[in-house]
Amino acid sequence: MGTVPLLSDSEAPPESLAVFDEIREARGTDYVNNFWRALAHDPALLRATWERAAHVMAPGALHPLVKELIYIAVSTANGCAYCVHSHTSAARAKGMTPDQHAELLAVIAMASQTNALATALAVPVDDRFDEAQL
Amino acid sequence: MGTVPLLSDSEAPPESLAVFDEIREARGTDYVNNFWRALAHDPALLRATWERAAHVMAPGALHPLVKELIYIAVSTANGCAYCVHSHTSAARAKGMTPDQHAELLAVIAMASQTNALATALAVPVDDRFDEAQL
Amino acid sequence: MGTVPLLSDSEAPPESLAVFDEIREARGTDYVNNFWRALAHDPALLRATWERAAHVMAPGALHPLVKELIYIAVSTANGCAYCVHSHTSAARAKGMTPDQHAELLAVIAMASQTNALATALAVPVDDRFDEAQL
Amino acid sequence: MGTVPLLSDSEAPPESLAVFDEIREARGTDYVNNFWRALAHDPALLRATWERAAHVMAPGALHPLVKELIYIAVSTANGCAYCVHSHTSAARAKGMTPDQHAELLAVIAMASQTNALATALAVPVDDRFDEAQL
Amino acid sequence: MGTVPLLSDSEAPPESLAVFDEIREARGTDYVNNFWRALAHDPALLRATWERAAHVMAPGALHPLVKELIYIAVSTANGCAYCVHSHTSAARAKGMTPDQHAELLAVIAMASQTNALATALAVPVDDRFDEAQL
Amino acid sequence: MGTVPLLSDSEAPPESLAVFDEIREARGTDYVNNFWRALAHDPALLRATWERAAHVMAPGALHPLVKELIYIAVSTANGCAYCVHSHTSAARAKGMTPDQHAELLAVIAMASQTNALATALAVPVDDRFDEAQL
């Protein structure tokens, strides 16, 4: 599938190739995955997305592995198969164990079912949970 | 809002009241939030949901706070305002700092945008991310 | 909330008022709910939506109550609080019992969690489930 | 696709194999579909999911076929291709006729469009639909 | 994939074949795409969907290309790979340039991330944005 | 509702106040809407979001009004009531007529229903729509 061709190194415009090189260096691998090759048609969007991702996923108040778990959770709820695959792979590369993966799945499943129940019941937010009382 | 009345202690059936008591004891508070009061119309569903949630969210290979962050991430992507409120509150009770909250938001936003890009581009999954090759 | 004003009978254009009258007659009540009053700004969209809804929700191979349950299920998964409210009310008017409501909620919750699991695991479709083999 | 290998009977841990056997017996077939083979990495999650599903989908106040239709509706709205396939197959096995399938599709399509309209118009919930008035 | 067989011209019922012919004439091509071939099992749903689509996508207050861009945006957010493919193709046929495609992607990504932020923060709607004040 | 307090000018940190000032200047109004006041707890996220939004929504290959329509479409499909309100307001400020709004709604509704149909039927993507053939 795909709504645009994936650009090889020889097909990518030079500004996109420069981003490929930054990705390679940051990740210590020659492999550039399909997401970036699809984005490479628009070097500006490629650069903005890559730079923001590198910044957001860097170590900070949350551990990089925790960030990957959150990424998988969002990608699952949004039904993005590509992102689920790429970030499950990234999480493993950052040390996710099978037990952690299993618990991640269990929490995602739990949240999905209570999300549905709260929506079907249209439960009103408790006053004590509301921090923006005007 | 609400598609069912929220049941007070005096309105809830005895089997639901028993679950309310377990919730109170587990959380060390007298307060039972609206989600459980809406579910209380069906004691069996209330009990199944509460017991599964207590099991899934307990400490394990992932820290309870990490589980709350994942819960918020799923609830956000599913657009469940009730769950976003209740689990942001729970995350704070488990020690989430403002910096951690800010990074959680940034990762959720990042994932949401790349989910959309990968879907709009219909990027094919890289072979190396596919673990179920048949 | 609202991105357009709700039109009262005296504010609605005549073509929309004519649809209001059809709704009143079909439902045997003088009450026209907010959804139609919001759509009334565009009589063509109001009419197309009302006529299609009346056609689709009429008795057929599926019982009208079953159609309402399906409607609630979709509205829940799509996170549409308005539709969850209006169709839960409609289901009750068509005879939904508390036990049926409870089972509906349980199935919605079950589906939501296995949807999430199947997506997070990216489970490949079994050959025997594929009816469109090319 | 897949983020984990599908486990064959000889690869699955014994506790998962025991669940496979229960699935086989309950369904009267030797075939265990991919969803369970993907979940089999975590016997506890596999068992919890299977047992809950068997309980929720059993005959009750709603007919098992109606439950499958609701399952398809949720899976469609959540965009889970795997679940749409497996539960459409299950619905057929429980007697879904082509006419019922066609009406199911029509209701899902109708709900999806009015969900979108109600959300884009941000229609406020009618007082008479609100059962949780505080 | 597919939950129903795609019907060839010789397999489709006559009323569906009549719609295929209208599609061919309207589009000036002999090719009928898979979506219509899947819907062809139910001639009434096929006709209703085709006629409504032809009406809604016709030139009006919005340019047909703008309508295609909106269609891609909705299909992306709903995670419909089929629709993303077919409407990206349709948009190109109506003149979408690579620059326009790139800006479409950037707006979709931007909206997706602020949608997530507004939901995670549960930002209350400003009074001045509320047009339905009751 | 809200998971964080909305920060007034006197409560916002200085770096957030500086962004408020840029928003005021760019929009030619003293009013800073709730979204930015909620984001103001994290000046870095506020600045990154504002700067990216200002860049993406600026005139380019697509007209600013068209970008707002796309934004509303995505926000509707994602079920973000806040964003639907704020961008419907923004679209009106950029000249959206009632007729354009009505057509936008009709296209969103059409896409939502065919998205659901294509997903429920699991229609395979036509070869001719696939631009990424590997």
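Lettered A, B, C, D, E and F in written order, each chain numbered from 1.
Heads up, the rule we're going with is that a contact is a pair of C-beta atoms (placed from the backbone, for glycine too) under 8 Å apart; a residue touches a chain by one contact, two chains touch by 3 or more.
All figures in this text were calculated on a predicted structure; none of them were measured in a lab.
Equivalent interface to D-F within the set D-E, A-C or E-F: A-C (over half of contact pairs identical by residue number). The pairing of chain C with chain F is characterised as different-residue: of all residue numbers used at this interface, under half are used by both copies.
Using mean Cα coordinates as chain centres, the one most removed from chain F is D. Averaging Cα atoms per chain gives one point for each, and the point farthest from that of chain A is the centre of C. Compared on C-beta pairs in contact, A-E and B-D come out with B-D as the pair having more.
Look at where the CA atoms of chain C average out and do the same for chain E: the two points lie 20 Å apart.
The geometric centre of chain B is 26 Å away from that of chain F, both derived from CA atoms.
For chain A, the set of residues that touch two or more other chains comprises 1-4, 6, 38, 45, 49, 52, 74, 76-81, 84-85, 88-89, 102, 104-106, 108-117, 119-125, 129-130, 132, 134. Taken pairwise by the contact criterion, the protein chains are fully connected, each one touching every other.
The part of chain C that touches chain D in the complex is made up of residues 1-4, 6, 31, 33-35, 38-39, 45, 49, 52-53, 56-57, 60-62, 66-67, 69-71, 73-83, 85-89, 97, 99-100, 102-104, 106-126, 128-130. Note for the complex: chain C touches chain B at residues 79, 81, 84-85, 88-89, 98, 101-102, 105-106, 109, 116, 122-124.
Residue ranges of chain C in contact with chain E, taken from their complex: 1-6, 38, 48, 52, 125, 129-134. Considering their complex, residues 72, 76-77, 79, 81, 84-85, 88, 104-105, 108-117, 119-122 of chain F touch chain D. Contacts from chain A toward chain E in the complex involve residues 1, 3-4, 41-42, 44-45, 49, 74, 78-80, 125, 132, 134.
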